[in-house]
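What follows are several structures.
Here come two complexes built around chain A, the first alongside chain B, the second alongside chain C.
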Partner chain A sequence: MSKHHFKEYSPHHPDVITSMEFERILSATGPTGGELKRPSDGTKPKTIAMISCVGSRDERYHRYCSKVCCMYMLKHARILKEKYPDIKIFLFFIDVRTAGKDFEEFYVYTKELGAKIIRGGRVSAVDVKPDGKLRVRGFDVDLCSPVEVSVDLVVLATAIEPPDGVEELGSMFTATCGREGFLREVHTKLYPVETQARGVFIAGCVQGPKDIPESIAQARAAAAATAALVIPGKIRFEAVISEVDRDKCSSCGVCVPLCPYTAIRIVEYKGKEKAYIEPALCAGCGVCASACPSRAITFHGFTTEQIMAQIDALTEA
Partner chain B sequence: MEEGGVNVIDLTQSDENFIKELMELGADELKECIQCGKCGATCPMALAGLEFFIKRIVHAATLGLRDILLEDSSVWGCQSCNRCVEVCPMDIKPYEVIQAVRRAAVRVESCPANTYEGLRNLYRFGHAVFPKGFEERRKKAGLPEKPPTALSFEEMRKKYQEILRNTILEEIAPFPLT
Partner chain C sequence: MAWEPRLIVIACHWCTYAGADLAGSLRYSYPPTVHIVRVPCSGRVEPEFIAEALMRGADGVFVGGCHFGDCHYKEGNYKAIRRFKLLKKALTDLGVEPDRVQLEWISGSEGKKFAEAMTAFDARIRELGPNPMKGGA
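Coming up: the complex of A and B.
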């Protein structure tokens, strides 16, 4: 997210930057060649405040936790403290989320280096003081007191957002987006990389905020799932799918836009345009069979004869 | 602590040297504290309602808030029960932080008056807590005027004072050791 959404943090000030911009400042290939310089006047900041959950866990922007910010804030603090031990760093967290193997150790190590952790402290405001310094106002739940600190540079850990155009990308292969705008997997636990579109798999932040190890694990899972489809050379499809009796089909095309899996195409058959259901794509939902005005679509397992027989049996009694 | 008395703690005063001093004075694992609060949940002073109890003292120490720690008398309320040391999951020995703050306070003579009173009593009589008029009360209860401690044994007390004079007390005591 851009810093400009957050008017309370003085985004007009050049020394209020996002973590992404700070990452570039720290990078050897970045605009400063890896030298720590603040954007306004190119001097080295002596005191830095970093603010977490900017746009995350916030009903006005994104309700989800962006997951990686706690760790990269600590990473930035660690890099700075190792390189410039005299710098004062204040990290404002709502709470520190460093779940997982080795991550808590990273947190404790960063604390030992001298980074100051302020919890319960989403900052309420960053003001520009008359002397040009930035005043950060927060709350420290451990001191149980409002706190403030004057700093030279403010780094906002802004939320991870789905990129523009994900919705359109998904609609190209009938993958759907969740409420937060990320592509949705079929099942959180059992089918974490599968999408509604068969044969299309997702990995990385397009599915939700996640870190590098998780993205790689997901990418490998997606690659393995793809290979499992491709390597046998043939695809086994479900028995319960729909099929068009193309001699009956009136070519009205009603079924084509209805299919949620884009399994239906109009193809030439005996010199005429007729509907055709790709069995490898059909998921057997039955929408097309119930909509077909010519009753030309048979839904295997639920044929017209079978359903009529069921109705007869029920009404006989 | 500025702007018309609004009770805001200014973290700009955070002092790295004070943290270093406390670590040298025994609180060497101070920075590892993750503020889990287990010490606060067992601290009798917290249970008694003291506002600035162990968890907050440790946090203020990790932030290097010298003035707050030295101006507040909370560290002197610690009963030295050491429960915090036993429960601390990070093994930072919270009681050592209290002791370090006390030592730092003694260095700059920033202790509550009754601390010196106690110290003087300890030196003079062998008792830190020495309520006035105890002789009367003891008599009323049918006890000898003086308890059978250092108070009753002049010679032992002299020896004990001599030992104390060879300690750091010689330097820090704000009263004559005679």
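Coming up: the complex of A and C.
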């Protein structure tokens, strides 16, 4: 997210930057060659404040947690403290979320290096003082009182957002987005990389905010799932799918838009246009079979005859 | 012998059928007048199924599907409700009480709701009395 959404944090000020920008400043290949310089005047800041959950866990923007910010804020603090032990760092958190292997240890170590952690709600404002310093106002639950610090540089950990156009991208292959705008997996636990579209898999932040190890694990799972489909050289169809009897088909085309999987096409058969169901795409819902006015579609496993026979048996006096 | 209603429940495999299963495992009781036919999705239900059941003398037909947004096949339940509305109209025109048929969304976790819906449906049909088409048609 861009910092300009957050008017309360003086986004116009050049020394209020996002974590992404800060990451570049810290990078050896970045604009400063890895030297810590603040954007406004190129001097080395002596005090830095970092603010978490900017746009995340916030009803005005995104309700979800961006998941990676707590950890990269600690990472930034740690890099700074190891390189420049005299720098003062204030980390403002709503709460610190360090769930993950070795993450808590990382947190404890960063604290030991001397980074100051301030927990307790959202930072209310960042404003520019007459002497040019940036004033950060927040609340510290441990002190049970409001706190105020003056710093040379403010870093905003802005939210991870789904990229523009992901909805359109998804609709190209009938994968759907969840409420937050990320592509949706079929099942959180059982099918974490598959989408509604068979053969389309997702990995990484397109599915929701996540860190590098998680993205890699998901990417490998997606690669394996893809390979499992491709390597045999053949596709196994479900047995419970629909099939068109093309001699009965009257070519009305009612079924084509009904199919949620775009499995039905009109193709030429014996010189006429007839419906054809692609067996690899059909998921077996039976909507087409129920709608066909010519009863030309057989839904294997749940044929009209089978269901009628059940109804007949159950209504037998 | 006193009249006992005969109810046909057409249940979506992914939700209502699972709900019925759950009702059983949680030991909720529901009337023995209920007879379940399993379909993969409420979108598979042809109005003809319901009409056939009524014509063959079923006193009530209940269709159960997934809640909106939960259909395993994305939107079968939307198609079901469209067809169902038309069918209700047709039944009214034919002189059948439209209350003899009901469409309801019951998820696989709503065992209790399933049992309650069945009990209520049974009670409603008892109020309506035997299907007038029974023995006729």
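Here, the second predicted complex is superposed on the first by the 313 of 317 C-alpha atoms of A that agree within 3 Å, B and C clash if a C-alpha of one lies under 4 Å from a C-alpha of the other, contacts with A are read in each partner's own complex, and residues count from 1 in each chain.
Operating definition for what follows: a contact is a pair of C-beta atoms (placed from the backbone, for glycine too) under 8 Å apart; a residue touches a chain by one contact, two chains touch by 3 or more.
Note that the coordinates shown come from a computational prediction; the quantities given were computed from them, not determined experimentally.
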{"item": "Contacts of A:P146 with chain B and chain C, given as first, second, both or neither", "value": "first"}
{"item": "Contacts of A:R119 with chain B and chain C, given as first, second, both or neither", "value": "first"}
{"item": "Which superposed partner A:T304 touches (first chain B, second chain C, both, neither)", "value": "second"}
{"item": "Touching partner for A:T29 - first (chain B), second (chain C), both, neither", "value": "neither"}
{"item": "First (chain B), second (chain C), both or neither touched by A:F90", "value": "first"}
{"item": "Partner chain(s) touched by A:L258 [first = chain B, second = chain C, both, neither]", "value": "second"}
{"item": "Touch list for chain B against partner chain A, complex", "value": "7-12, 14, 16, 19, 31-35, 51, 55-56, 59-60, 62-63, 90"}
{"item": "Sites on chain C touched by chain A in the complex", "value": "6, 8, 35, 37, 39-41, 43-46, 48-49, 52-53, 56-58, 72-76, 79, 83"}
{"item": "In the complex with chain C, residue positions of chain A that touch it", "value": "176, 196, 240, 258, 260, 283-287, 289-291, 299, 301-302, 304, 307-308, 310-312, 314-315, 317"}
{"item": "Chain B-touching residues of chain A, taken from the complex the two chains share", "value": "47, 86, 88, 90, 96, 107-108, 111-112, 114, 116-119, 137, 140, 142-150"}
